[in-house]
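Each remark here refers to the structure printed beneath this line.
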C-alpha cells in the first residue's frame, strides 16, 4: 500500500473537515491552513518522487479491483499536477494569513480553500471518469463559495455567470459520462480506453469526444467558451483569484489531456484538428481581451485564457514534443499566473486599487516588488531565460516540426501581445509617477509581519520560475517522461487493469 | 408579528418530528440492506427539523438540536474521512471496509456504516445550516421593516 | 410516566417500521425512542394518553371509518353529478377539548371527515372554525361534530 | 419505453435551456433545476430500463435471482441528484443575494463586471 | 568563460549592495570586471588571430539540445572585445555622468546585465542560447531606455523599442526553430558546416525571412529604423553603449554569424544589399534633419548599420573585409561621439547643436577628442573611418545585383554623413560662442577617458591599419565561406573609391554650409514623414487596441444569454457535426410501454413545460415539483426505489428552499421580445433534439457488457449488504460519496456565508480597504 | 399484470392528470398547492399499486417516505403565504 | 376470495383517488376543492394500502402498509389545515353559493388576532405560546 497516492486528496479533505469542526477558532484554522497545505505539498512531492522512480502508481480504493471500484491513478502528469497544487496551495495559504479579512476567516475561507485543493487533487489523481465529475463538483462548489465570500455587488454579478456556465459544463460532462456508460458499460478510464478500442462504431466515440471537449473546454476556458472567467476572476479577494488562476482552468486542461490521450486517441485527424483551431483562437482571443483592459486583475484574467491556448496547442499537435511543451507550459503557467495575482494583491494592498490609471510610482517606492513583478511577468510573456521561454519555445518548436504554421504564427504573435500587456502593467504601475504625488500613501502602512507573509510566497514562486528557467533540464526530463506516458496509453491501462485481458466481463 | 405555526401545526410537529427522526435513524441503519442509507436518512431528518422549525421557530429548533448545524457538518465530514483510515492501519488501501462485531448486542459495526453516519450528519447539518441561515436573515430583514410586508 | 408511554410508543413504532418483532429489536427501538425523547424532552409538556384505553380506541376507529366512508360517498356523489347540492360555509364550533393535543386531535379528525374542514382555532382556544360543505341542516351537523368530539375525548379520559 | 423517454428527456432539456435563456434570474435558476433533472434522468435511461426488479438481494441469499436493474447508474444518479441539490441550493440563494445586492431581476442589468 | 558571464549577471544583481559599500566608486569597481574579461580575451588573441577557434562546452538543457556552449572565433572575439572594452569605458563614464543620481545603483545593475547579455549573445554557439541572450538584451535595453521612467516619452520610446525588437525576436525564434529543424542541429558550428544543405532545404526561404526580420528589427534596418532614434530617451552612456558597439549590432552580428549557413543565395544577397543600402540612405537623410545631437548620431548609426548589412549582402571577400573594418571603425568613433555628446549635454544643459557654439576654448580636451572621432565619422584620412569608407565603396563596386542603385544610395549616404560629422563637431566647438543653460568646461577625467581612448584607437588603427590585418582576416574568414586574407593600407592609390570620396567630401561640405536651408527644405517633407513606418507602428498599436476592444465588446458582452447561446451553439455544432458526419445515426424507435408509464413521462414533460410558461414564480415552482414527483414515479416504475426516495426528498426540500428564497424576490417580468424568444426556442429545440438523437444512438447502438454485473454478484458476499445501490455508494464507490458529502457541505458553507456575511458591513479591520471591484 | 391493476393504474394516472390540470389552471397559489398535495397523495397510492403489480415490497418504502415527508412542501408554501410573500398568481 | 377482496380494494381505492382529482378540478372554490382532495385521497390510499397488506401478507410488509396509512392520516389533515387556513386568510375568494361565514368577523387582519366571539375581559389576550417569533 502506497498511501502517498491518496494522501494528497485525504489530507486537504481532513484539513477542511478539521477546520470546519474548529470554525470558531481562528488560531486553529490558521494553523491547519499552513499545516494542511504543507502536508499536501510534502505528500505530493513524495508521490511524484515515487512515480518518477517506479512508474504509474495505482491504488484501488476499497480494495476493489479495477474496473469495479474507483482506482486512483498517479501517472507523471497527475503527480506533477498534484505537486503544483501543493505549491500553489501552500503559497496561497501563507499569503492568506496576511491578506484575508477576519470576516472571511470566520465564514469559512480556510475550509473552502482546503476543499478546493482537495477537489483539484482528486481530479488529478482519479482514474475514474465519474469520480472525476465528483471532484470537479467539489472543486466547483468550493470555488463558488470562495467567489461569493464577502457578498459584494461585483462578486454577485460575476458569480452568476461563473456558476451558470460552469454548471452547464458539468451537465454536459455528466451527460457524456452517462452516454459513455451506456455504450461501454464501465467508468474506469483505463477500462473505457480498452473497451472503446474494441467498438466497431467509432462514430459515436467521436460524438462523445466532442461532448467531453466542450465540457472540459468550458472548464479550461477555451475559445469560445471562456466567458465565465473574465466575468468573475477579478471580483473575489485576491488570494482567491490567485488560487483560481493557478489551478481551476488547469484542471480542465488536465482533463482534456487525460481523455484526449487516453480515451479519444482514435481519430486525431478529426478531434485534435478541432482542438488545434480552438487552441489558436483561444490564444488570440484571450490576449486581445487583455489588450483592451486597464485593470490589473482583468488583464491577468484574460491572459489565463490566452495561455490556456498554448497548453491546448500542445495537446492538439499531438506529437511527443508538443505534449512535452504542453506539460511544461502547464507547470510554468500555474506558478507564474498565481504569482502575478499575488503581486497584484500586494499592489492593491499598498495603493488601494487595481486600476492601472490610478496606480504608479511603485518602482520608486518598492523596487523589490518591481523585481518580483518583473520575473513572473516576463516569464509569462515568454522572455528568456525564465520558465515561460522554454515552455513557449518547446511548443513553437513542436509547431514548426509539425508544420502547423498558422497556430505557430499565432503563438508567436500572442507572445508579443502578452509582452505588450505585461509592459503596460509595468509602465502604469511601476514606472509611471503616481497620479497625485502628494497622496502617495493613502493607506496606513503595511505591518512588517503582514508584508513578510504576503511577500514570502511571491518570492518563493518567483524562485520557482527562475529555477525552472535556469535549470530547465530536470523539468524538461519530467515533462518528457510524462509525455511518453501520455502517448503510450497502454502503460496506463496496464498499470490500472493489469496485463490480463480476461477482466472484461 | 406572525405566529410561527398554528396550534394544530405545532401539535402535529411535536408528534411527527420524533416519528420522522426515528424513521430517519431506521432508514440509516438498514440502508445497507433495503432502500435507505445516509443520504436519504439525512434528508428525512433534515425534513423533520425543518418541520419543527416551521412550527416553533428557529430558536426552538436550535434548542432541540443542541449543537450548531455547522458542527454537525464538520463532525460528519470528519467521520467520513476518518472512516477511510482504519484500512490504512490494517495495510489495505484506503476505504477498504472493516467489519467488527460488537459482542453483547451482536451488532455488526463497519466502516461503511460509520461512513454512512458521516453522510447522514453532513446532509442534516448542511440542509439545516442553509435553511436556518435563510430564516435568520429573513427575520432580521423583517424586524427592519416590521409588519410592512404583510398585506393580505 | 408520560415519557415512559411515549417511549413505549416509539419503541413500538420502531418495531412496526423494521418489521422485525424480535425482543432484541424492540429493545433497540426503546433505546432509540429514549434517545429521541431525550432530545426533545425540553420541548414536550405533559401529554395525556393512556394505553389502557385500547378497547375504546378500537370502537372509535370503527366509528370513524364508518363516517369516513359514508361521508366520502356523499361528497363523491356531489362531485360526479353536474349540479351542486352543497351549501358550504364557515361555522364556529365551541370546543370542549381543553389541552392542545386534544384540540389538535379533534381538529384533524374533523378535517379527515368529509364535508368538514378545520380552518383554525381561535386564539383563546375556545372555538374551532370549520368549513363545512353541507350546511342545509346546520344543527344536525353541529350535533354530529359534537358527537365526534365527545367520542374522541373519551379516548383521553 | 427508452425511445419515448429519450424524447421526453429531449423536451426537458429544451425547456431547461429555454428557461435559462430568459432574462429573469429566477427563471435562470429554474432552468438549471430542469437541466440537472434532465441530465440525471438521461443517465438513468441510457443505461437501460428494467421493470419490477430493483437491485436488491433478497434476504438470505447472496445474489438476486434473475436479472435486476443495473445498480451502478442508480448509484451514479443518486450521487448526481445530491450534488445537484447542493449546487442548486447554492445557486438559488445566490440568485436571491444577487437580487438583494444588485437590485435587479433582469440579467441584462448584471453586466458591469465584464466590459 | 560561461562562468564569467554568469558571474557577471550575479555582479549585476549585487550592484546595489556594492553601491552601498563603495558609493561613488562603484562604477569604477564594476568596470574592472569587463576589463578583466577583455584582458582574458586579449590573452586569446594569438590563437584567434591565427585563425583558430575555441569551443567551450557546457550543458544546459540537453533534452532540448540547448547548451551553454561558447564558440569563439574571430568574429565573436572582435565583438566580445568591443563589448567588454567599450563596456568598461562606459561604466567608468557613467559613474561620473550619473554621479549622485539616485538611481545609479539600478543603472549599474541593468547595464551590467546588458553587457553580459551581449557578451553571451556573441559567444553562444547554440541557437537557443543565442536567442536567450538576444531577448535579454531587448529587455535590459528596454529598462535602460526607460531609465527616466517618470517621463512619459521615455516610457513610450522604451515600449516602442521593446515592441519592435521583441516582435522581431519572435520572428527570430520561429526562424531559429525552423533552422534547427532544417539542419537537425542547434549548434551554429554544426549548422555553418552544412550551409549547402540548408540553402537547398524547403524551409530555407521562410526561415531566412524570419531570421532577417529578427536581425533587421534589432539592427534598426529600414523600415524598422524608427525605434532607434526614439531610444535616445536613455541616459547618454546608455545610448553610447547601445548604439555603438552593442545591441543594434547584435543583428549585424547574427547576419554575419549565419552568413556561412544562410548567405550567398540570391534572396540573401538582394534583400540584404537593398535593405542595407536603403537603410544607409534613410539614416543619413534623416540625420541631417535633426538638431538634437543624440538624434543626429542615432540616425548616422542607422546609416552605419545599413552599410554593414549591405556589405554582408554583397558578401564578396572585399565586402567582408570592408564589413569588419567598417564595423570596428564605427564602434570606435560612434562610442566616442556619443560620450562626447553626453559630455556636451552634461556640461551645457542642452542637446541642441544649434544652441551650442564656440566651446573649443572652454573645453579644449573634449574638442580634440570630438574632432578626431568626427573625422573618422566623416570618413576622412588618416582615420579608420576613412579606410572603412574606401573599402565600402570598393565592395559596392563589386556588387553583383543592383550595383548602381546601391552605389547611388551609398554615395548619398556618404556625403550626408560627412555633413553630419561636420555638424556634430563643428557646430558645438567652432564658430561663435553661444550661451547655454550651464557654464561648460572640460569634464572629469573619467568622462573623457572613454572617448579619448576610442578616438585614439581610431587614429592609431587609421595610421597603422596593418595592426588589424590579422583580426580582419580571422574575422572575415569566419564570416565568409572561404579564407580571407586582408591587406589593409590607408592608400590604395587613385581609384574610383577615392574619387567618390572626394566628390562626397565636396558635397558634404556644401550640405554643411547650407545645413539650415537644407533642413528648412526638408521640413516641408514633414507630411510625407508622418506617413513613415513609425506612423505605421502607431497605427498598428492603435489598431490593436481598437480590435481588442471590439472583440471584447462582442465576445465578453456581459449578457449571460449570449454566453449561453454561444456555448450551446458550439456544443451543437461540434456534436451535431460528429453525429451526422462521423456517425451514421441508426436507431430503432420501438415503443413498448404501458399506459401509466407514458402518462408519467407525459406529466414529467408537462410539469417542465408548465414551469416555463407560468407567469407566477410559485406556480412555476409547483410545476417543477410535479415534474420532480413524476421523475420519482419513473424511478419507482423502473426499479429504483432508492432513487425515487432521494428524488422526492430532494424535490420537497428544494421546494421549501425555493419558497424561502422566493419570498424576497420580485415577481416574473416579461423582458424579452418575441424575436428573442423565438431565437431561444430554436436553440432550445435544437438542443433537445440533439439530446434525443444522442440517446437514441446510444440506445440503439453497440452496447458492451457492464461492470455492474460484478457488483450485483458480490454486493452481498463481499460487501455484506443486500441493497446493491447502497453497497456501491458506501463501499464500491465510496470515494464518490465522500466527494459528494463534501459538495453538500461546501454548498451549505456557501449559502451560510452568502446570507450571513457581507464584507462591507462586517469588516472589523479598518485596513485593508474593502476588497471590491472598482470601476 | 392483471386487468384490475391496469385499470386502476389507468384511473390513477387520469387522476394525476386531473391534479395537474388544476395545478396548471390555478387560479390561486393555494389551489396549486392543493393540487400538488393531491398529486403526492395519489402517488402514494400508485406506488402501492406498482408494488402489488411487480411484487416488489421494497417499493413501499418510497410510499412511506412520501406519506411522511411530501406534505412538507405544502407547509412551506403555506408559510410563504402566511408571511405575506409577494403573490403573483 | 382474497384476490377478489384485494381487487375490490384496489379498484375502489383507485376510484376514490380519481374522484378526489375530479373534485379538485370541478369544485368551485379553494375550500370545497380541499374537501374533495383530503378525504378521498386519504381514503383511496388507505384502501390501496390495505390491498397491499393483503397481497404480500408478510408481517414486515403489512406493518409498512399500515405505517403508510398512519402517516397519511396524520399528515393529510395537517396539510389541509395549513393550506386552507393560509388560503382563507390570504384572501381566497369563497364560492358564491357559500351560505355563511362565522370566521371573517372575528379575524383582525392587522394584528392577525382570531377571536372566538366568547371572550371575557381576562381571557381576551392571546395565550402565551412556548414558541418564539419567526
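Every chain is named by a letter (A, B, C, D, E, F and G) in the order it is written, and numbering of its residues begins at 1.
Note that contacts are C-beta pairs under 8 Å (C-beta built on N, C-alpha and C of every residue); 3 or more make two chains touch, one makes a residue touch a chain.
For reference, the UniProt names are A = Na+/H+ antiporter subunit D; B = Na+/H+ antiporter subunit B; C = Na+/H+ antiporter subunit E; D = Na+/H+ antiporter subunit C; E = Monovalent cation/H+ antiporter subunit A; F = Monovalent cation/H+ antiporter complex subunit F; G = Monovalent cation/H(+) antiporter subunit G.
These figures come from a predicted structure and were not determined experimentally.
Counting only chains that touch, the fewest steps needed to get from chain C (Na+/H+ antiporter subunit E) to chain D (Na+/H+ antiporter subunit C) is 2. Chain centroids computed from C-alpha atoms place A closest to the centre of all protein C-alpha atoms shown. Seen from the C-alpha centroid of chain C (Na+/H+ antiporter subunit E), the farthest chain centroid is that of E. By number of C-beta pairs in contact, F-G leads over the other of B-F and F-G. One inter-chain figure worth recording: chain D (Na+/H+ antiporter subunit C) and chain E are separated by 49 Å, centre to centre, where each centre is the mean of the chain's CA atoms.
Rounded to whole angstrom units, the spacing between the C-alpha centres of chain B (Na+/H+ antiporter subunit B) and chain G is 28. Averaging C-alpha coordinates per chain places the centre of chain A (Na+/H+ antiporter subunit D) 26 Å away from that of chain E.
Chain A (Na+/H+ antiporter subunit D) and chain C (Na+/H+ antiporter subunit E) have Cα centroids separated by 61 Å. For chain F, residues that reach two or more other chains under the stated contact definition are 9, 12, 16-17, 33, 35, 54, 56, 58-59, 61-62, 64-65, 68-70, 72, 75-77, 79, 82-83, 87. The set of chain B (Na+/H+ antiporter subunit B) residues touching two or more other chains comprises 2, 6, 8-10, 12, 16, 19, 23, 33-36, 39-40, 44, 47, 50, 54, 56, 60, 70, 73, 77, 80-81, 84, 95, 97, 123, 126, 130, 134-135, 152. Residue positions of chain D (Na+/H+ antiporter subunit C) touching 2 or more other chains, listed in rising order: 20, 28, 40, 42, 46-48, 51-54, 56, 59, 72-73, 76, 78-79, 82-83, 86-87, 89-90, 93-95, 97, 107, 110-114.
Pairs of chains in mutual contact: A-B, A-D, A-E, B-C, B-D, B-E, B-F, B-G, C-G, D-E, D-F, E-F, F-G.
Every residue of chain D (Na+/H+ antiporter subunit C) that touches chain E in the complex is listed here, in rising order: 1-24, 26-28, 30, 33-34, 37-38, 40-42, 44-59, 61-64, 68-79, 81-90, 92-97, 99-100, 105-108, 110-115.
Listing the residues of chain B (Na+/H+ antiporter subunit B) that touch chain F in their complex gives 2, 9, 16, 19-20, 23, 27, 34-36, 40, 44, 47, 50-51, 54, 149-152. Residue ranges of chain D (Na+/H+ antiporter subunit C) in contact with chain B (Na+/H+ antiporter subunit B), taken from their complex: 54, 56, 59, 78, 82, 86, 89, 93.
For chain A (Na+/H+ antiporter subunit D) in complex with chain D (Na+/H+ antiporter subunit C), the residues that touch the partner chain are 130, 133-134, 137, 140-141, 144-145, 148, 151-154, 156-161, 163-164, 167-168, 170-171, 174-175, 177-179, 181-182, 187, 227, 230-232, 234-235.
Listed in rising order, the residues of chain D (Na+/H+ antiporter subunit C) touching chain A (Na+/H+ antiporter subunit D) in the complex are 20, 25, 28, 32, 35-36, 39-40, 42-43, 46-48, 72-73, 76, 79-80, 83, 86-87, 90-91, 94-95, 97-98, 101-102, 107, 110-114.
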